[in-house]
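Next come two complexes, and both contain chain A; in the first it sits with chain B, in the second with chain C.
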Partner chain A sequence: MLAFKLAFKNLMGAGLRTWLNVSVLSFAFIIIIFYNGLIDGWNRQSRIDIQAWETGEGQFWHPEYDRYDPYTIKDSHSPMSEEIQSEIAKKNLVPELLAQATAFPQGRLQGVILRGIDPDQTLLKLPTATLTKSYDDTDYAIIGKRMAESAKIGIGDRLLIRWRDKNGTFDAREIEIASVFKCDVPTVDKGQIYLRLEVLQKMMGMGNEATLLVTGKEFVNKDLNGWEFKDQGFLLADMDKIIQTKKAGGTIIEGLLLIIALIAIFDTQVLSIFRRQKEIGTYIALGMTRSQVVGIFTVEGGAHSILAALLGAVYGIPLFMLINKVGISMGYAQGVNTDLPIGEAIYPYYSLQLIIITIILVFISTTIVSYLPARKISKMKPTDALKGKLQ
Partner chain B sequence: MKKIIILIVSAVFLMSFADPDANVILDKVDKNMSSKNRVFESEMIIHGRRTSRTITSISYSAGNKQSFTEYLSPPREQGTKMLKLENQLWIYSPSTDRIIQISGHMLRQSVMGSDLSYEDMMDDRKLTEIYSATITGNETIDSRNTFVLELIAKVDDAAYHSQKIWVDAERYVPLKQEMFAKSGQLLKRTTLTDVKQVQGRWFPMNMVYKDVLKEGSGTEFRMTSVKFDQEIPDYIFTKAALKQ
Partner chain C sequence: MENSSIIKIEKLVKRFHVGKTEFTALNDLSVSFGRGEFAGFVGPSGSGKTTLLNIIGSLDSPSEGEVDVLGRSVSSLTHKQSAKLRNKHIGFIFQTYNLLPVYTVYENVEFALLLQNLSGSERKKAVMDALEWVGLTDKVKSKPAMLSGGECQRVAVARSMVKRPEIVLADEPTANLDSKNSHHILQTMKNLNRELKTTFIFATHDEKVMQYLNRIISLEDGKVVKDELITDSKN
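Moving on to the complex of A and B:
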């Protein structure tokens, strides 16, 4: 306790020097928490969006289907059993049939994926209800904003599409865009055209067939014969890898900032021990052991991190609250041709775990750099120290 | 007896002026257009919105399962090679020194910006193997009398469900071809001209392909030389030949 009292008294006594060190360290604190919070917030938002728009609680895939291999789409379809039909009726599963096609917006040629989906589904956020606009001869479709922009089409526009049926025979017809949805998951949107499942089944000559089945929360996980279950870990693996890469990249910046702060503290400690030799001699003369004196100086250095955490909290908490209210605008990133799910704004997420880990990391590293110069005290001769002789 | 002889003679006389069977016509077309193998040099003129560009190439093909094409000019495309074996297609690009397989979406992309897609190049079976023909009329194209045939696919895996084909009534070479989707939508139109006799068969040396769903003036395909039934070494139709 005495060590803490002395440490804080000395730190306050050092005045501006202490506050400069604490300011730099608090800045490192804030940056580490903010950057990780930003990545965690992006991760959280993206996962929620991907689940809501695309993956649900997991998916059953046709064994031939591989989302990275367009070769597989042609052969990835099989009939849905009665068991699957009953789960679909209970709204626990949403079947999707995939087919490759070519769209001809304004005479241009554009490769697209046709996705047949149950218009009555409510499991995914896709506005599929608009596909049931009418049961006349018109084939309605829904597309995402990115697709609408790339094809330069909008609601009510007609789009000619050409595809090959299950036998490889060309077919073509016009579809009408019933609605354009806005979605932050590019893979749901870019180059995708959603049609009524039964319409696509008819177009392809694949009655009652599907490529994948999206599961809902109520679905009791079980094996479906002839289908392979892909869990969230598998479906979101890409996102996890991106997050890991981003975090690793951020660690370099955070590490540099922390090193700058730690060098300043190390420097301060070296200077303190050099200039305060009389004080060290006095402590020993008063009966303190060398390790106790080393402890006082180490605590003094380590206390920078406590003050930095407090100072960081003073300006960091209001700053974080403000950022969480307005978000970090990512509008520019949405225009970039990427498959990463990025919302218009990212709202950082600061978990208790993140804050505690950051405090522990900064505290331990500060204590270590404070201890290293303080070790010299144990080699000092108390009489020389009392006299203030340079050692 | 006299009446019977007159009847028989009249029938024979009328039959000689009647249109021949449509499938026989189609068979004669196949005999002109298909061969055991062929080697040809060609110019592909791609008409863009503003400019046109010409790509020259030499192609070797054996039946309808194997073909190998090497692009000779312009410098940008020179050395690019394309190999088709059965229903697989590979492209070698000298700039990257890599062989890539064309599949899925990419098969639907156009070949070097032309009106031909890679999958168009994949399907070249004989017409008689795929279609049943009926004669729907006679028309004149460039002062040549033609039979107008309607072809309906008799196999499940035909690329085009139906076609309309104008066949030169004397030479049995198609002069115009229209390909339709199952829905009846016209998809492609081909015009064939400059018919020449090569090794005893009539063959159109100039073809214009037009993807009617796509904007543009189409793609012209001019044969500068064509040789049928040649000795083509087997190694030509291997992936190893792409990098040579």
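Moving on to the complex of A and C:
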């Protein structure tokens, strides 16, 4: 307790020198928390988006289906049992049938995935209701903004598509784009054309068949014979890996910033020890043990991080609140060709765990760099210290 | 000299290594002090006065010989035991005051007591008593930078005396003070010596200090050349 009291007294007494170090350290605090908060916010937002637009609460896949291998699509379809039909009726499952096809937008050729989906589904955010337009014989489709941009087509445009049905017979027809939806999840709209499930089943000759089943919150998890359940961990594994990579990249920047702050504190502590030799000698003459003196200097260094956390809170909390209100605009990244979901704005997410871990990390680091020069004191002869002799 | 020695030095040798050469600061020195003495080591610069005070104060250790302080052999003390001895029984007064700049007068004087686990009220009483002895009760909240040299040294005296030590070691306490302040400080110390029976040992070559000493031990090249009792010292 004495060490804390004396250390804070000395820190306050050092005035500007202390506050310069504390400012640099608090900046490191803010950057570390902000960057991690940004990545966590992005991660959180992406997971919510992917869940809402694509994966639901998990999916049952046809055993042959492999999302990384388009050639498996051809054989990845099974009839839906009565049990599945019953869950679909209860809106607990949404079936999707997938098929490979070629689109010919304005005479060009583009490989696409046709996705047959129930227009009445409400589990996913896809605006499938527009697929119910069936006042004529036209086969309506919905596509995402990315698909619309890459194919240069829009609402009302007709698009020729060609596919092979389950017997390997080529067929082709025109579909009309009923709506173009905007979605932050690239895998949902890049090269994807959504049709009514029954239309695609008919086109493929796969009546009552599906490739995968999206589960909703109300679905009580159970084994569905002939289908493999894929949980969120599996379905979001790719995104988690990308986020981890981003985090690792950020750690280098954070590390460098922290090192700069720690060098400043180390430098201050080293200077302090040489400048305050007489003071150290006086402490010893007054009856302090060497370890008590080392304790004072170590606590003094470590206390920088406490002050930095407080200072960081003074300007960091309002700053973070403002950023959380307006978000970080990612408009410029919308056109970037990536499979990672990027919203128009990212809203950082600062968890208590992130803040506590950052404070502990910075506190331990500053304490260590303070201890190292303080340890030198233990080797200093009190008589030399009293004379202020450099060693 | 009194019979009950609280400091007993026998055949003390202290050598320092300066580069590859060896320098003998104290050479076969023997002397002892009784309780309540007001004595001083005098001699030219380099005669070993400060080294001797440092060894008595357990800030340094002898190369050879025996130094007993309050019945403890200085050379056999661990770091912790040395610190305890200084904290409880020995007060230091330095030429350059060595006050802690960020602390107030009160806090500087209180510092030694913080290490003794005394209660707040006990500390307060002891600090105010000590400041009263040196006449600085009106400066409790001042910082050393706001005080004159004489006042700083009075704070140092209060700091050394606040724990009521048996021994006070004063190394050139008046070297940075003018004549008036020197006499004031010395008078204060003499009064405390008389009232509290504290043993004061000085290292000095200041004539003003010598006027107050009851015993003057002259050192030359690390040896005692004269040890005389003064019967007609001031006060």
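In this text, the second predicted complex is superposed on the first by the 389 of 391 C-alpha atoms of A that agree within 3 Å, B and C clash if a C-alpha of one lies under 4 Å from a C-alpha of the other, contacts with A are read in each partner's own complex, and residues count from 1 in each chain.
The rule is short, and it goes like this: contacts are C-beta pairs under 8 Å (C-beta built on N, C-alpha and C of every residue); 3 or more make two chains touch, one makes a residue touch a chain.
No experiment lies behind these values; they were computed from the predicted model shown.
A.B. asks: Mind checking chain B and chain C on superposed chain A, clash or fit?
C.D. replies: fit
A.B. asks: One more residue to check, A:Glu198. First (chain B), second (chain C), both or neither?
C.D. replies: neither
A.B. asks: A:Asp231 contacts which: chain B (first), chain C (second), both, neither?
C.D. replies: After superposing on A, A:Asp231 lies clear of both chain B and chain C.
A.B. asks: First (chain B), second (chain C), both or neither: which does A:Arg290 touch?
C.D. replies: second
A.B. asks: Touching A:Asn167 in the superposition: chain B (first), chain C (second), both, neither?
C.D. replies: first
A.B. asks: If we overlay the two complexes on their shared chain A, which of chain B and chain C does A:Leu2 touch? Say first, second, both or neither.
C.D. replies: Touch status of A:Leu2: second partner only.
A.B. asks: Name the contact category of A:Glu279: first (chain B only), second (chain C only), both, or neither.
C.D. replies: Only chain C is touched by A:Glu279; chain B is not.
A.B. asks: What angle, in steps of 10 degrees, lies at chain A between chain B and chain C when each chain is taken as its C-alpha centre?
C.D. replies: 150
A.B. asks: Just checking: does A:Gly13 make contact with chain B only, chain C only, both, or neither of them? Give me first, second, both or neither.
C.D. replies: second
A.B. asks: Is A:Thr383 contacted by the first partner chain B, the second partner chain C, both or neither?
C.D. replies: second
A.B. asks: Chain B to chain C: minimum CA distance in the overlay, Å?
C.D. replies: Minimum C-alpha separation, chain B to chain C, in the superposed model is 70 Å.
A.B. asks: So which positions on chain A get touched by both chain B and chain C?
C.D. replies: In the superposed arrangement, which is not itself an observed complex, chain A uses no residue for both chain B and chain C.
A.B. asks: Mind listing the chain A positions that touch chain B in their complex?
C.D. replies: 69-71, 73-74, 100, 102, 104, 106-109, 111, 160, 162, 164-165, 167-173
A.B. asks: For chain B, which residues count as touching chain A in their complex?
C.D. replies: Answer in residue numbers: 103-106, 108-110, 119, 153, 156-161, 179, 181-183, 185, 187, 211, 213-216.
A.B. asks: Quick check: in the complex, which residue numbers of chain C touch chain A?
C.D. replies: Spelled out, the residues of chain C in touch with chain A are 54, 57, 59-60, 79-80, 83-84, 86-88, 92, 94, 96, 98, 100-103, 107, 111-112, 114-115, 159.
A.B. asks: Applying the document's contact rule, which stretches of chain A touch chain C when the two form their complex?
C.D. replies: Checking each residue of chain A against chain C gives 2, 5, 9-10, 12-14, 278-279, 281-282, 284-290, 292, 381-383, 386.
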